[in-house]
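Presented below is the structure to which this report refers.
By letter and in written order, the chains are A, B, C, D, E and F; residue numbering begins at 1 in each of them.
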Amino acid sequence: MTDNIKLIGKDGLRLDGRKADELRPIKIQAGVLDNADGSAYLEWGNNKVLVAVYGPREAQPKYLQNPAKAIVQVTYNMAAFSSDERVRPGPNRRATEISKITAEALENVILTNQFPRASIDVYIEVIEADAGTRCAGLTAASVAVADAGIPMMNMVSSCAAGKIDGQIVLDLGKKEDNFGQADLPIGLVARTGEIVLLQMDGHLTQDEFKTALKMAMEACKHIHGLQQEALRSRYAVNFADMDDGEAEQ
Amino acid sequence: MTDNIKLIGKDGLRLDGRKADELRPIKIQAGVLDNADGSAYLEWGNNKVLVAVYGPREAQPKYLQNPAKAIVQVTYNMAAFSSDERVRPGPNRRATEISKITAEALENVILTNQFPRASIDVYIEVIEADAGTRCAGLTAASVAVADAGIPMMNMVSSCAAGKIDGQIVLDLGKKEDNFGQADLPIGLVARTGEIVLLQMDGHLTQDEFKTALKMAMEACKHIHGLQQEALRSRYAVNFADMDDGEAEQ
Amino acid sequence: MTDNIKLIGKDGLRLDGRKADELRPIKIQAGVLDNADGSAYLEWGNNKVLVAVYGPREAQPKYLQNPAKAIVQVTYNMAAFSSDERVRPGPNRRATEISKITAEALENVILTNQFPRASIDVYIEVIEADAGTRCAGLTAASVAVADAGIPMMNMVSSCAAGKIDGQIVLDLGKKEDNFGQADLPIGLVARTGEIVLLQMDGHLTQDEFKTALKMAMEACKHIHGLQQEALRSRYAVNFADMDDGEAEQ
Amino acid sequence: MKRTIIPEIKKEMIYKLAQRDCREDDRSPVESRPLTYEINTIGTAEGSARVKLGKTDVLVGVKLQPGEPYPDKPNQGVLMTGCELKPMAHPGFESGAPSEESIEIARVVDRGIRESKMIDMEKLCIEPGKKIWMVFLDIQVINYDGNMFDAATIASVLALHNAIVPASRFDLGDDFPVPVACWPLTTTFIKLHDLLLVDPTLNEELSADLRFTVSIDDNGDFRAMQKGLKGSLTYDDVIRALDIAQKLTLGMRSRLIKGE
Amino acid sequence: MKRTIIPEIKKEMIYKLAQRDCREDDRSPVESRPLTYEINTIGTAEGSARVKLGKTDVLVGVKLQPGEPYPDKPNQGVLMTGCELKPMAHPGFESGAPSEESIEIARVVDRGIRESKMIDMEKLCIEPGKKIWMVFLDIQVINYDGNMFDAATIASVLALHNAIVPASRFDLGDDFPVPVACWPLTTTFIKLHDLLLVDPTLNEELSADLRFTVSIDDNGDFRAMQKGLKGSLTYDDVIRALDIAQKLTLGMRSRLIKGE
Amino acid sequence: MKRTIIPEIKKEMIYKLAQRDCREDDRSPVESRPLTYEINTIGTAEGSARVKLGKTDVLVGVKLQPGEPYPDKPNQGVLMTGCELKPMAHPGFESGAPSEESIEIARVVDRGIRESKMIDMEKLCIEPGKKIWMVFLDIQVINYDGNMFDAATIASVLALHNAIVPASRFDLGDDFPVPVACWPLTTTFIKLHDLLLVDPTLNEELSADLRFTVSIDDNGDFRAMQKGLKGSLTYDDVIRALDIAQKLTLGMRSRLIKGE
């Protein structure tokens, strides 16, 4: 109905002054919660996300246990006040889907076979939402899992590209998400190039898709650096040991 | 409010041209689902019913187990699109009651004491409803239980009689059910004459009741033949072994 | 909105003719239900409350069991027809809170450490409500627990004081509760002076509070006598043995 | 109810007594337990009745409030019947959502009242298509010793016969009695092997193969029936049960009408 | 689905076959199973279709009823897509609230239809800001043998293409076809180690590291994608999958349009 | 919280310290933990505050939206207070429906605010009998180390004092501050045998026989009280607790008003 909203100005800049391939400001902090085994706080534009991680601990109830490996359980939740319209407490279908794909992305990198019958529980609380919360949540969750000392092969980094005013851009903001033409959130293992989360909705030609996917993958690599930085400043040690020599990047 | 709708014409025939004691067309097919242990598909007028049977299998959760015999669990459900007004998914009080009385009817004929601690699970899905779905469901369920090879003494056959325009008739259609004066669905073990399901609502004098009950019982015997036929054409063998010499009927 | 309703007349008497420190009529009967291990029926003004007690019995499900002592579980419920506006069946937040504080009050006096892994289950049904149902429920529950023969150090007695028209009064009625200024329900171990339930809402100065608390405590002592009387007439024996020499009071 | 086991020896005893036309409490097979009742004991209900049938003790309250009609019945009031079998009434009942057992009781009681046209629903229309009276019939079981169907039906019919539409509370004119026309009553049987017993106790219910309830109107006509449990009835069983039920409900009805 | 274990040896067999471009049912890696379908078999639905893709059997019904628009889209109809994976379809499914698996299916099917703008939502406005048509798309799985995504999408698209707005039933004028514009279709892959297979059977799904679905419109453009399961895709995997999907949906679309 | 066991030796240690007027964290029995807070950190909330009381960390957000008044209060806004104790805050908390513990917290916080008449509800009426502002106060616990009652009350009062009615978003005129009048604050005690300690840590709470919360208004008058846990208070305990609470809330209030 409001496709006539202009999202890119004559100067080629977006509503918030960003260039097409520019991320919003991102701030990540590890180890912010006292009771959790691992935790992280992330600000990404106006997104604000807290993540708590518990585990590996015994999976409860017992029928959930997998005798061969740990299960990864993610609960993504938007706080009641995290959105213009109040979010009714309790699970909904959107949150259920995001929890599922986030768990599947993390399962890819966590060494779950070291912990049979265990559960690794990740609680993602979006306390302010500004488009892109699933990417923010997955990015923060990776840091929190690392903060918990849970063995991972790599961290997952997450970011979206999309299309607004017919142009491929990185990291849609709230208005761009509402009035744009496509959104492509991905989760990437930056070190290996493995895509572990991939969703898309909207309208992309094959060429547009390729451009968008590459743009999002590049951004994930940058975000990976921020994640490492957050862990480094938390532990104030060379992070090389933990992330398998990735620190030089 | 609309008791002035005429359900029987001057020719003595009903809205759909049936005589008082005439059933709607019935078509039964056994063994229609690949994953179920037993199954059946039934069309009865415009009623369309699918039944899947699993078991005997271990009853879950364990506190449901009966150390002396198998439990019979029936889930009757109307698909969202099975009715003019959309049916909200999930259990409701009507479905709960029908599930209960259907299970009790089947329990009468299944040799449950051969399978202590087991469960026999019957799923009845009404995909199109046209009055008489509980009879259609029970009739199809009997065939599906037999198709699963679960030992039964006999099959249950089910049909309703009722009253419209002051006259006792067989097998009410949708309009007859909405604007009629009484409905009397029964479940019968045709071979023995045992009534294993009996409900009634509306208004019947003692004489009317007797007429209606006899009419429904007769119809059940006919339906029993159709059930046997469905199993016979499924297995293409003389069904006599399975249903205890009933095949001659 | 209707603070101009006069709750105390020129004669100093309340709407129902009571003096400031006067209780509504209270009638208690022990042992009124056949199936329960212990029970009581209480009328207090127009409040009518039934209590059933079961236990000590094995706590179910097992994860609720405490290896050191019995748990006390209270379910306070208002019947659908117990109030001018129909009460929707099922738990609500108010009932959950009242159940919790009532259980905590009873836990204080029941010798729970005699029954590890057990549960003592108290069901309070308010069948007619007239303000003060939590006090009525707790008072009746104490009698029902005693009736069940469950060892208690003492009984709990419960009553509220409050403020109407700026004056401290005992035991608010329905209108006084709706249009009054404060309510202070307490539960008291009358023999020892221990306060085991204490809530307050409204507006009380420090002096008003002291007056109200003392008034409610005095009333609890009187109610304790009624509780003992109910048990005495149930068992028609000297109650002294059971309540530790309190019978002389 | 959680699977309540009754010892086989008890079942046999009940059956052997029945074979000699006897019962644990010295009744004949076709005799109901003593009935006592109180009316309008609950001041907050628009109507109420507490019925004791032997040791079965049930309280029914009627509440009315304005609501919207169903689209297909724009000028008729609505009846909503609920029943909860709570732990208070028997240790075998559990807290939580209504069980299938309690749903069946509510629906069978409701059916008898609804199908007999006891309540004149058109008189409960306030404004056609917009506003009607909703009648909430809530069945609260206080002590359970079998045969909730008959006890709850009696209590419901008594409560409705003594209920007042609280029109003035909602600024909808003067209060008036809930418009009721008749006295639908039920008789419930169990079948033990080949024998029928009316008004079963809990022990008898737990021993039974089958339960059968019939609702009968002032003319002796049938308004609702419900067979329960896994057993079966023959045609002759049914006819015999209906005969007995007609007699019993006739006696019960005249007693209730007289207010005895 | 409850954790369904498939023996390691079975997994290996499936992988070894795939390495030789073979599959259990003799298909090639990029070949779908045989498709058959029936349209408008359900008389009570405004539109319906039953689709069999190999042994996967799914029934979709469309219902429409008047409702209120969302405040931010006052002149648009509303699409609600539901899916239930019930025990009928596979012994590993459980009764009760929709599982996360069924929610994912419903949301991915919904996304393909919604994002392709298949339904002209503005034509489903009855009175702006007040009344619109709600389109309920209910996916009922009858037999589950893998790849619900494609089967449910085909059935949904067929059901919508043959659905009628029941305006006359609600006194809202003449009935008219649900306004649909195009044929969004999906292709679903699994990845076994390094290999991609389309239209997986249940055994293949249970052996898979990853599932990937792409929804493609009449122009061959992408409208929705969803990666599932714990595995990962490379950039090249994605591009290759999209190429295959474009070809397969093109063929499928022309077949469906011709009514074959 | 799942039954969290604290070793007996820990309990004894806490009690022995308390007997010497000491505590694990070197506070006196009548001293609160250090308080820090931030205001309006959540841009999407109409008002918000994050409060840390020692290691207890709580975030409260206020949302307002138009709704219907209660029939008996046609010209008053409505306050709805919710609290969720989620696993994020402590491993002993579980996902799912609010626990009785979280319901109690929400209700006690609500009571203090409501009974003090902090919010001028009549100024939140939009159209009498038809439309009022609903105030949603949502308490999100981030890290739990005891005494949610005081931390949540402080955060709620701060969030309300800084909240804006978003009238313009709903085309209802200009935005304006939520009309608040005062600063109701609570003090929470535990009792260890005969000793009272304010602002308990989680370890202290788990060692306690009793918890007692009192809500006090700007005049030092009482607005709400709540005793929790199985223990008991004497008359003298209560009076002594109220004296302490009056002093502590007085200091806290003047500090908050100054914005320190």
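To be clear about the criterion, a residue touches a chain if its C-beta (ideal position, glycine included) is under 8 Å from a C-beta of that chain, and two chains touch if they have at least 3 such contacts.
Here the structure is a predicted model, which means the values were calculated and not measured.
Q: Can you list every chain in contact with both chain C and chain E?
A: For chain C paired with chain E, there are no chains in contact with each.
Q: Can you give the shortest number of steps from chain D to chain F, where adjacent chains in the path must touch?
A: The fewest steps needed to get from chain D to chain F is 2.
Q: Measuring between mean CA coordinates, which chain is farthest from chain C?
A: The most remote chain is E.
Q: Chain A to chain E: how many Å between their CA centres?
A: The separation of the two C-alpha centroids amounts to 27 Å.
Q: For chain E and chain F, let me know how many angstrom lie between their CA-based centres, rounded off.
A: So the centre of chain E lies 49 Å away from the centre of chain F.
Q: Based only on mean CA positions, could you tell me how far chain A sits from chain D in angstrom?
A: Going by mean C-alpha positions, chain A sits 59 Å from chain D.
Q: With chains as vertices joined when they touch, what's the shape: line, ring, star, complete or other?
A: Chain contacts: single closed ring, each chain with exactly two partners.
Q: If we trace the ring from chain B over to chain D and keep going, which chains do we hit, in order?
A: Listed around the ring from chain B, going to chain D first: B, D, C, F, A, E.
Q: Give every residue of chain A touching chain E within the complex, in rising order.
A: 1, 66, 93-94, 96-97, 99-101, 104, 107-108, 184, 189, 193-206, 209-210, 213-214, 217
Q: Hey, which residues of chain E end up touching chain A in the complex?
A: These residues of chain E touch chain A: 3, 73, 75-76, 100, 103-104, 106-107, 111, 114-115, 212, 214, 217, 219-235, 237-239, 242, 246.
Q: Which of the residues in chain C end up touching chain D in this complex?
A: 33-36, 46, 48, 50, 52, 54, 57, 75, 77, 79-86, 89-90, 121, 123, 125, 127-130
Q: Quick one: in the complex, what on chain F touches chain A?
A: For chain F paired with chain A, touching residues are 41-46, 48, 55, 57, 59, 61-63, 65, 82, 84, 86-91, 95, 97, 136, 138, 140, 142-145, 169.
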